[in-house]
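Letters A, B, C and D mark the chains as written, and numbering starts fresh at 1 in each.
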Amino acid sequence: MIKDPRARIVGKESWRDYFLMRLESPRIADRSRPGQFIMVRINAHHHPLLRRPFSIHSKNGKTIEIFFQVAGLGTDLLSQKNTDETLDILGPLGNGFKAEAELKGKAVALVGGGRGIAPLYFLAQELRSSGAASRIFYGGKTRADLPLRENLEKQGFDISCSTDDGSFGFKGFVSDLLKAELKKFTPARIFACGPEPMMKKISGTARQKSIPAEFSLESVMGCGFGACWGCVKRIKRGDGEELVKICEEGPVFPAEEIVWEEEEG
Amino acid sequence: MIKDPRARIVGKESWRDYFLMRLESPRIADRSRPGQFIMVRINAHHHPLLRRPFSIHSKNGKTIEIFFQVAGLGTDLLSQKNTDETLDILGPLGNGFKAEAELKGKAVALVGGGRGIAPLYFLAQELRSSGAASRIFYGGKTRADLPLRENLEKQGFDISCSTDDGSFGFKGFVSDLLKAELKKFTPARIFACGPEPMMKKISGTARQKSIPAEFSLESVMGCGFGACWGCVKRIKRGDGEELVKICEEGPVFPAEEIVWEEEEG
Amino acid sequence: MTDLSVDLGFIKLKNPVIAASGTFGYGLEFEPFIDLNLLGGFVVKGLYFSPREGNAPPRLAEASSGLINAIGLPGIGVERFSEEVLPRIRKYDTAIIVNVCGESEEEYGSVVEFLDKKEGISAYELNISCPNVKKDGLCPALSPEATFSAVSLVRKISSRPLITKLSPNVTDILEIALSAQEAGSDAISLVNTFLALAVDTETRRPKLANVYGGLSGPAIKPIALRMVHQVASRVNIPVIGMGGILEGNDALEFLIAGAKAVEVGTANFVDPEATKRIIDELNGYCQKMGIDRIETLIGSLRT
Amino acid sequence: MTDLSVDLGFIKLKNPVIAASGTFGYGLEFEPFIDLNLLGGFVVKGLYFSPREGNAPPRLAEASSGLINAIGLPGIGVERFSEEVLPRIRKYDTAIIVNVCGESEEEYGSVVEFLDKKEGISAYELNISCPNVKKDGLCPALSPEATFSAVSLVRKISSRPLITKLSPNVTDILEIALSAQEAGSDAISLVNTFLALAVDTETRRPKLANVYGGLSGPAIKPIALRMVHQVASRVNIPVIGMGGILEGNDALEFLIAGAKAVEVGTANFVDPEATKRIIDELNGYCQKMGIDRIETLIGSLRT
């Protein structure tokens, strides 16, 4: 857990409201694993006040990347930063995905909804280098919500896409695409990140098929390093349930530990 | 009084912590007179909240210029804006200097301390075109606080400088420089802008010599257009004194109306 | 088109957006920027019976996402107001509300007595909550008894609807609101500003000549909103909410929390077109959410 | 070198900067970022007698220049604290203060009774002001009587210095402070958070599961500072000021207004090195202003 007050922006790409930023931060890059995240200070002023969490999208030597969608003021201001400006970041934070090592030689499914694709690229790279074959399922509302598709294809990943409106790939939710594909292939593990309803559905599918799964959860974070008790989610522990800090013990949890929230009425 | 939400920055120059910005705002430029000011919204967020007042430094066709020194967060953020960005501004505000018309053919003294030079350039230009001859006295702490000296010289103005530390020109306060010069020349009017203690001294000198003088006052401004009652200064009116909104009835006042604040103990 | 009108019982507003007292001058200051006919209403600067100078400068200090003011209610008094201002503003088709001040209960009474004879005023807003007049921010709205007493007195004199403006500087805002209701107030408006201090660390002096001032602006919005929610869910008279409204979304928070209308204060300084913009944004929200009548939003918070 | 130490009477701090309860975990969370020995002190997360889960999520919402939290005081209880945490933090050469909570007066008593037998605690901070536990933010610090009663009880049991932490959600903060003093508190710390609400206008639900939460951060600084000034100039015991301190200059405002020390809260989330940086900035200010002993600044406001 390192504070790097001057991580330099060394690259920036954008598609509509999606941004990919490469940050030079050797010590943080060095320690990063897939599924971990960083906390970014948006500016030195009083508003917005809190840092914002972003998954580590990739690492390459001294640099890491984040991939984000503009969701409000913080991400909007962040998207306006340019190459050669610096950012104050903390990282790497959280546990990361857990099972990479055991998956050598196996096939796995990575499912990303919208900006939920962010941590999966790093995971796919690591899985590849540890000898596992990833199939990536990438869903968005419409074609423009799949900005990383080409990048991922260029990297040679096996990728299937879905859009809610059918403007590209499978028409429907990515959870439905996965469900359909699971008739034909049985991954050793499913990794997913995206909106909770999507993850909840995938969790159901995985349980039905008895496929182990891991999910990366989100929550409003006050600190990112265990000091505020703000980011808790209900998690099964032993016989009961506990409110667990997802910045410390997560954000990634195995399917069987997650207590999904009730759909609201 | 016009709100121009998209005044485009069409030029920017800087010297250490001093900035000259040219803004394209045809309707505001059209109505501007020397001594008036604009209110600039720094950003669309919640902090800093209020607009900031800046004197109109010059106008040229569709554009006006502001000249400012970084004093805190607002001016710091403003200084980071670049050409082609837009600013939300209100203007022209305030009364402006009063006596230009009557000064045809006469000699006048314009005295600016630090950023107080800002409104005087516009005034000197107008005086010149109405046939008055300005002598400009420009004071700063040190040589670097006289960034506009060369510009003014290039424009052919008669300019004398002072620095507190003697690094350039007369060593001492610009009010002392003026006092010394007034032994040799008697302007028909003195116009001054700068820190209050400087203006107060000049006011004393002018009274002694019975030279009419006008001063541009400052105050924290909530609105700039008379709605908040925040910017008042004590002003002589009739037999008594009143608290007068300087954004409406000022910021320029004749010497005899101003009630200078007591020096603090 | 969404129906933005709201019915306060004693008056129907064309939309729930009212410009707040002390931040909208006498209305005239905003003529260059907006068409005053568009507003739900506006409240003029606080009026005492006689003209007043207000506090010594400096009167303003900026704070994080907020403004601290100790203006101290300068003004032209009821006579000049009736002669010079009222004739110029009453031509507008919008609710004109006069913010009524007093050094004593009697003065509140005489202001209302005087104005009651003049035409063109829709309601009085009883300002028993200005923190900038007495030492340590003392004002009637800090106690249920003083609130009851001031409102009762004015209630007897006034022929017009009475809105009582409350102070947030209290332990139990509901108790004060209930006193105002019991004393016959037709509505409650809240909040006035929070008593505050800012220190200049260079000079080690307060930034305001008055030492304390009142904090307004986005900084106070979450506290103001809580108070509006506490009050609106328990009184029977309409609540007008305010505190830090800069955008349509802020106004919506207050409406959803139970306010029948909102007042927009500090925002008018930042953007003299703020009230107009907020009305447009309310309209935009309603269209997006498929809401025909904005009144259906009021108090719709699902807790 | 400036002498940054401040003497609270019952304890001397190496500097006036204390990390605030609930924003500094159990201290250990900050070991990766700063040397805890540098601090004047730190207050650990509020402790009840038994472990507690706290409130349901979502627990946090950001506001303008502020943070609204309804954490609800989750924690490990006194036993695990004494066994697992205390041995690891008491080795630091800094004041360790335990923030004491209770559902009832008796529980405050039992927490203190239990901890009194453990070594390595410098003082207790009695948290009678958390707005996030009972409905509508009710807590003892809202009434002078309840404050007196809770402090008196703990005073009898505790062998250690007692700091009473006050709530800003009151009409008359001085009255409450005087009750705490009369009941034997050794110091006063203020302020805890302001009861607040934020509404999600898309879902029309409160942003926090608990509905109300407590507002902290720069937004509240001017109000907190006013309260510290009101209290410090009238009580005989030291006042520890807090509310929105992000920088050295903010801490200076509190010291000049009369606080003998300050607590730094929300800033720790924004910048885990905040306490250290603030100490450096205090030092820088003193050097620039030619101040030998920071204590000479305390209460030096020229009103």
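Here is the rule we use: contacts are C-beta pairs under 8 Å (C-beta built on N, C-alpha and C of every residue); 3 or more make two chains touch, one makes a residue touch a chain.
All of these numbers come straight from a predicted model, not from anything done at the bench.
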- Please identify which chain has its centre, taken as the mean of its CA atoms, farthest from the centre of chain C. A
- Rounded to the nearest Å, the gap separating the Cα centres of chain C and chain D is 34
- CA centre of chain A versus CA centre of chain B: separation in Å? 54
- Query: Roughly how far is chain B from chain D, going centre to centre by Cα mean, in whole Å?
  - Reply: 46
- Task: Scan chain B for residues touching two or more other chains and write them down.
- Result: 46-47
- Would you please write down the residue numbers of chain C that are in contact with two or more other chains? 64-66, 203, 217-219
- Which word fits the touch map of the chains here: line, ring, star, complete or other? complete
- Touch list for chain C against partner chain B, complex: 22-25, 29-30, 32-33, 45, 53-54, 56-62, 64-67, 69, 71, 74, 203, 217-219, 246, 266, 268-273
- The answer for chain C against chain D in the complex is residues 63-66, 68, 136, 142-143, 169-171, 194-199, 201, 203-206, 211-212, 215, 217-223, 225-226, 229-230, 244, 249, 252-253, 256-257, 285, 297, 300-303
- Query: What residues on chain B touch chain C, complex-wise?
  - Reply: 1-3, 41, 46-51, 88, 90, 219-223, 225-234, 242-243, 264
- Note on the structure: Within their complex, chain C touches chain A through residues 64-65, 218
- Counting only contacts in the complex, chain A reaches chain B at residues 45-47, 73
